[in-house]
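Next, two complexes with chain A in common: one pairs it with chain B, the other with chain C.
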Partner chain A sequence: MRLLLESSRRFFYRHPGQLLLALIGIAAGVAVVTGVALMRDVLIDALDSATESLSGSETIRITDPRGPLDESLYRQLATTPGAPALLPVLSSRLRYGDRMLELLAVDPLSLDRDSAVRPTGSATGQLLTQANAAVVSETTLQRLGLGPEGVLEVSHSGETLKLEIVATVSARRELDDRVIMDLAAAQHLTGRRGELSFIETSSQHRDWLIEHLPEGLELVDAQQRRESAAALTAGMRANLTAMSLLSLAVGLFVIYSVLAFLLVQRRRTIGMLRAVGVTQGRIQALLALETVILAGLGALAGLALGTLMASALLDLVRQPVAELYRMVASAGIRPSLGLYATVWVMAVIMALASVYGVLREAQRIPPGQLARTVHETRPAGLQLSRWLPGLLLVSGAALIVTTRGLPPVMAGLFLMLSGCALLAPAIGMQLLRLFSVRGSGLMPRAIKMLMSSRQRLAPAVSALSLALALSAGVGMMVLGFRATVDDWVSRLISADVYLTVSQGQLDSQDVEDLRAWPEIEMLTSSRQIRMDDGSMVVGYDLNRKAWAAFEWVSGDRESAQPAVEAGTAVLLTEPMARRKGLEPGDRIELATPSGAASFDVAAVYRDFSNDRGLVGLIGWRFRELWQDEQRDSIGLYLQAGTGLEELESKIADAYPAGNLTTREQVREQTLAVFDRTFRISWALAILVGMIAAIALISALLALGLERGREYATLRALGLPRRGLAGVVLTQTTSLAAIAVVMAVPFSMLIHAVLSLAVQPRAFGWSLALTWPWQPLAVIIPLALLLGTAAGAYPAWKIASRDPAPLLRAS
Partner chain B sequence: MRLDTVIVLVLVLLTGSWLAWQTRPPEPPATERLRVQNLMSGESEDFRRVTGPEPLSFPEDHAQHPDYQNEWWYFTGNLETAEGERLGYQFTLFRFALPPGEGLDSAWATEAMWMAHLALSDGRSERFYQAERFARGAMGLAGADEQRWWLRDWEVRLDDPAWRLVAEADDFALELELTPQRPLVLQGDAGYSRKGPDPGNASRYYSITRLATGGEVRIGDEVLSVEGLSWLDREWGSSQLAEGQAGWDWFAIQLDDGRDLMLARLRNEDGSDSEWSYGLLVEPDGRSRYLNAEDYRAVVERRWRDANGNRWPVEWRIEIPSAGLNIRTRAVFDDQHWQQSVDYWEGMIDIHDQGSGEAIGRGYLELSGYGEG
Partner chain C sequence: MGEPVLLIQGLQRRFGTSGPVQVLDDLTLELSAGERVAVMGSSGSGKTTLLHLAAGMDTPDAGEVRVGGHRLSRLAEPERTRFRARYIGLVFQDFNLIDSLTVRENIELPLWLNNRLDQRQRITELAEELGIADLLERLPEKLSGGEKQRVAIARALVHRPALLLADEPTGSLDQTTAEGVLALFDRVTREHGVTLLMVTHNDDAAALCDRVLQLRHGRLSQD
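Right after this comes the complex of A and B.
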């Protein structure tokens, strides 16, 4: 075996480029999988870690399902004999530029001794007495680009707050993007006197709490909080996982194509080894060991790259999670040995499985074979029945159409892509044949030469077209989705301007006051309540224009409006209807502060604002059940001829804390959130595109180098250097071209499955299928350009080489 | 081994260790200790200072004095089970006033930070139990009025003429009744206890030096009936330590002959005795006599080294010629070391006659300023 390993080492010394490509291919695939896995975990596990670092691990939380806790509960519990240490917390969101921060207001004196923000010296005094004193972690300070003892200017509900950083705490990542303040100051600044968000304590005191808690409050442990975070971000995580697995598949194609090519180059060596008595088993063992070493080294590099990638891209995931789910995740990833080991072992096993065909082929090399036979043997891995691709496509499609869950649709997509991967080389070669039969001259000849090694090129064509398709498909889905959202939001916002206030509240009286203004033709208003599971209940007061703005998925306005206005029926958004399996005519029960209330489902409408869903009911019924007269926003429809500036000054007088948002601004804000949400998808699409580029270069370099002997023959027959270079360039460019041509329908398939099946199942909303052309317009020329560029090196090398030694070898 | 293999192995090893380093658990944050000097000597114009004698009145002066920067209610005591096993306890409530606030619109807004220390010395196992709590002086979480001194559910309540002390920590608890056996005594000059050259380096200070104590002590699941003697110290002011003073050694001694003795030996930063050291001798009939630095001599006989290498003087020889006392004090056991936010030593001691070696009393010793190097 030692001798065999020695031969393989010498081979890689002679072909360092091939070695490098194999390593990069696997490393890139593994990096994406690792990076995504790490980012995904942050969304679940690290959500809790901020309070964990304040009050210790394994905590239990007292919450009030009806809303904020009354702070008197803390006094009542804390002064009860035998009371455990309890940490009162008030949490709010702050905005710093386009970043979301979490304000964690605590009683510093109730903090555990081992807590990260234990009171020390004068900082405690400042926290307790100053209205704007805050503490942040050192890394937060760096992330925000502030010096120690700087002033942090943030906004809370539209109001600017200037917080003075009076101390930093040791650099724990869990406190990243958290601003810690004293309860008194935070209640004062945010106008939330009397409120707590929750009270936290060690879970070992559960029994004591059960005994002493008043009715109606809930105890939520860390596991439950993780589960609800997991449920909230399920859609987003599923999307990321799908992308990462597809990237790995592309990476595996790269390693397959490289190893298959390496085998061709070593046919001669293996033949010699067989001739000197090395058994088939030994040869196979050698190749398997080689794969394990290559894949193992590549995967190790991939783990490191993935870790770096996750750290770098984490904000792309955290931002939308903070915007959409109101959860500021930790800014630091938490890798575990378990995760690393799992990904590494999986990568090596998948690499071995993917080169199974290559190993089988190696077994067939007869002793003494020193060169490739004229009639190329088919690699065993690709000796597949003609009907297999079709079967994969059909069964994948069947799986997608006949099931409802997300995992089957991912499996179905995988099957279909495998079918595509098998189909790509066959169809691609047919296309090449069309070119080659037309006309005579050097180019058709070059293409014919290319076709003669089609089996060898098959994996490269598959990998390439899949990777290109994936990049383009994801891009098309995101752009199509954006167009849908734009269309939806433009239609939905029917008022001219929306009034919100940053301090205090709007209520029914304000609505009545505004209705009397001569500038205002009519009004709408709404009040939202966030439920435990992240879904919303909205009390709507709508006018005819607002009613007309709904886009109905099922049911219609004529029947829905009277029932909803009568207070007996509700509207559901599409995600809510899908998640609960409800349709018009069904009943839905809502938990309200006045007890459970049951409603008919009147209609289902399109909504992309909340993937946990939203239930809309008529305002008066909402106010009756929730005992809540407040309004989050009032939509103003202006009388013809009323200028916006005129209204603005009048509003500024009547509502000093009021903010007016125009229709166009609402649309822009919505799309800005959308764009931030999909930045990670773009990043992953670009990464897959880069893997595609690696696959392309690897395949083309291989092609150019492999055919050295044939090029030598052409040179010997009198083809000038320039002509030879032309042949090589033609071949690499056409290879890129067929990959691109195949990638177009595949990308459309991916786009269609993501838009029509994955999005509805992951998030609950359906998308209208549109066909944005931009991703293809970028990828097609780029791939062709890369194809030509990647041919340039072999073209130059072959053209400048002396043909004699190569010919002698044959 | 070939060079390339070595290079690959080194790279693998480096990458592997980098990955392993990524999975390290987060480091626990560094916790900082409060410095006694900072707590006791911070001078602020926002607070009144004690500059001379003023009449005290009770029960009003049992309640907190928010105009002054710091204040404490301090119980220590030697206890015994029916089998004669030794226990000691300490319960202290500290108030530290905060700089004036900005009038925050919140029920949590506070003018003071409160700290409570609860300790139990178990002479049988030589274990020292300690628990510390903080609370703000708002929301009814901590405070002191004429009838009740409390921090959350730890409290001392006046049940005339006795005090009832109830405090429960995770692994131990006290429930004691303390009945004064002699009248309250004013320390220093009618309660004006001067500690430095500036008349403002002073506190208002009174004590009840002998309280008959009975009740229950819980250690883990074990409940013990106990009896013994306690000592109460009450002190408030705005700047107790003068510039250049490093700490103090405080003795509260109850002698079998009925006399009670308090010695406060102030130490300068250079280790020497401060001329501002003071003391008080209380006769069995309740009459008391002020002692100044020249009236007594305290010499360290033995030091105990804690895990951090700090050396605590746990054994002393004390001479008070005017009282005919030449005594030796010994810690009942060495490790009665407070290690929470504040680093000090507070524990039960035995008193022996220096000449005969005979046990002649019991007491409590507090050592401060040794653990902050």
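Right after this comes the complex of A and C.
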């Protein structure tokens, strides 16, 4: 075995290019999986651990499911005899350019001595005495591009705040993108006087809190917070998982391609080794060991690449999480040995499994085999029954159609794509046969030669068609979804302009005042309360236009409006109805400050604003139950002829902190958030495409080696270099063309499954299936170009070889 | 007497950079139209190198090769390739048929390369002459060694080359098959008036030729 290993080592030493290609192929596949896994972890890890850094211990949190806590509660608890150390916190979102930051306002004097953020020296005094003083971690300061003691200009509810950085604290990932301020100063700046988001204390005081806490308040421990974060981000993590699985599928084909390529190169050597008496078992053991070493090394590089990739792309995930779920995730990934070990072991096992066919093929190399050519004998690994692709497609479709959960749908999609991957080369080659049957020019001959290597090329065709389908399918889903959201938001936003205020709240009096304005024809208003599970309860005051703007998924306006206006029924958004399994006619119970209240479900309407769902009830009933007269926004319908500038001027006088947002601005903001949410999908799709390109190049190089003698014969017979390059380029472009042709139906399948099955299960909303053509219009020419470009190097390499040495070697 | 079909003068070819081996050393050879010459020599004596130089697949370090009056060394590589397609036929020891093309398509290759597909009837004529007419639609992998070599001969002759170069045409065949192929080779080359340069180890093959030369120490000598 030592001699065999030495032979392998020398082979790779003499062929560094091939070794590099193999390592890159494996590393690329592993990198995507590692990167996605690390990004997924960030979404649930460290989301709520920031305050633990403040208090320096495992904490428990007092919250009010109905909304913010009244600050008087803190005073009441703190002055109760035997009270533990309590940390009152106000949390709020700040925007810094495109970046979301979290404001964590605390009482600096309440901070534990061990607290990571307890400022030292004069900073505490500055925090207490200076209205706009803030503290951030050193890492955050660097990420924001600010110097120490700089001014941080952020936006809060549309108003610009200038915060002065008076000190930095040492870098801790839990404090990434978080701004620490004094509680009173923050309450003043944000217009949230007397409000707290939660009160935190050490979890060892749970029993005392249970004894002394007023009714209606909740105690949430770290585990519950993590579970809540996990539930909130489940949809996004599921999307990332889907992309990761698809990347893995493409990666496996790459590994197969690369290792099959290495086998072709050494067919002669193996034949000779067999001739001198090396057993089949030893050859297999050698190749298996090589695979483990190559996959192991490639996977190590992949882990490093994946870590870099996750660090580089993390913001593409963090930003939508901050915008959609109001959670500022850590800015740094936290790789764990466990994750690395799992991915590494999986990569090696998958590599071994994927090259099973290659190992079987090596076993079949007869002793004395000196040619590299593989004729029509199928590699053993691909001797799959004809019905297997069909079985995979049918079983995948059955899983998707008959189950309700997300994991079975993912598994179903994976099965269907596996079926597609197996079908792609066979159908593609049949299509190519049509071109090769007639004609006597270069193209039919080149294609005929290509077809005799179809088994060797099958993995590359599969990988390329899957990667293209993935890119186009995700693109179609995103664009189709975007069009649906655009249509929804354009339809839903019926008012001409929306009024919000930066500080304080609008209330019922404001609604009545505005209603009296001659410029205003009618108005709507809403007040929303975020529930602990991330869902919302909204109190609506709607006019006829607003009612007409709803798009009903089940139920209708005629029956829903009277019941809702009577205060006996509520509207549910589609995600809420799907998550709770409710439909019109069912009952839903809501926890309100006035106690539990039960309602009929009147109708379900389409909504893409919150994937945890939303319960809408009529405003007067909401105000009665929540004892809340405030409004988050008021929609203004202007009288005909009223100019926006005229209204803006009047609003500025009446509401100095007021902001007016036009219908178009709301639409643009919504779509901007949407676009940011799906940037990561685009990034991953591009990465997968790049991996597939590696598969294609390695397959083409393998083809060049395998067909080297034939190419040399053609040259000897008088085919010029350019002619031979033309043959090779025709072959590579043909490969890309069949991958493109097969990718079209596959992309439609991916689009349909993502839109009709994955999105409803992951986020709760159903999408109308539209067929945006743009991704295909971009990807088809790009893939053909890629196929040609990927073939350029092998074509040049093959065509530039002198035929004489090759013929002599044969 | 007309110009020789193949004229080689002062041919030199070395291989290797450190301590190069002089494979051909001031070699001279002349073949007249219709003449058949066998070159024999031990393994490594440079027979195949000579053939590759005569075909323009390799370039000499010194000396020149003229085929039909054309000096190959003055031609650029693309021109040499076109010249080879037009004027030279090649028969290899290992047949070197294109596995993915049928017998007919293999034989058709030189016609295609010379834009002479209008002469396809030559394929049928040669196939009948060589006894492979019923194999035309088969793939090479379905053929025996003797059949493959007959296909290779047909491919080498189909475009009526001025010079046929054969590299151990029976080297991969058993004795009986080799005898059959040689007889056929003899008849066809004679009937077509082909100018032949054949390198071989086989005395029977060499015996078919008008002249037999020995390649020793890089030079040719009459046996």
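Here are a few things to note about the model shown:
As a convention for this text, the second predicted complex is superposed on the first by the 776 of 810 C-alpha atoms of A that agree within 3 Å, B and C clash if a C-alpha of one lies under 4 Å from a C-alpha of the other, contacts with A are read in each partner's own complex, and residues count from 1 in each chain.
FYI, a residue touches a chain if its C-beta (ideal position, glycine included) is under 8 Å from a C-beta of that chain, and two chains touch if they have at least 3 such contacts.
These numbers were taken from a predicted model, which means no experiment stands behind them.
Partners chain B and chain C fit side by side in the overlay (superposition on chain A). When the two structures are aligned on the shared chain, A:194 is found in touch with chain B, with no touch to chain C. Of the two partner chains placed around the shared chain by superposition, neither chain B nor chain C is touched by A:518. Set side by side, chain B and chain C differ in how many residues of chain A they touch, and the one touching more is B.
With both structures placed on the common chain, the touch criterion links A:716 to chain C but leaves chain B unconnected. Once the two complexes are laid over each other on the shared chain, residue contacts for A:804 go to chain C alone; chain B is not touched. Contacts of A:300 after superposition: chain B is touched, whereas chain C is not reached. The superposed model places chain B and chain C at 130 degrees from each other around the C-alpha centre of chain A, with the value given to the nearest 10.
In the superposition on chain A, A:405 makes contact with neither chain B nor chain C. In the superposed pair of complexes, A:448 makes contact with chain C only, with no contact to chain B.
Once chain A of one complex is fitted onto chain A of the other, the partner contacts of A:71 are limited to chain B, with no touch recorded for chain C. Nowhere in the superposition do the C-alpha atoms of chain B and chain C come closer than 25 Å.
With the contact threshold set out at the top, not one residue of chain A is in contact with chain B in one structure and with chain C in the other. Those residues of chain A that touch chain B in the complex are listed here as 9, 53, 71, 74-75, 78-83, 107, 109-110, 113-116, 118-121, 124-125, 128-131, 169-170, 172-174, 182-185, 187-188, 191, 193-194, 297, 300-301, 303-304, 307, 335-337, 340.
Residues 48, 52, 55, 57-58, 77-78, 81-86, 88, 90, 92, 94, 96-101, 105, 108-110, 112-114, 117, 141, 155 of chain C are the ones touching chain A in the complex. Residue ranges of chain A in contact with chain C, taken from their complex: 373, 375-376, 440-441, 445, 448-453, 709-710, 712-723, 802-804, 807-808, 810. Across the complex, chain A is touched by residues 4, 8, 12, 15-16, 18-20, 22-23, 26-32, 34, 38, 98-102, 104-110, 113-114, 132, 134-136, 138-141, 150, 152-153, 166, 168, 340-341 of chain B.
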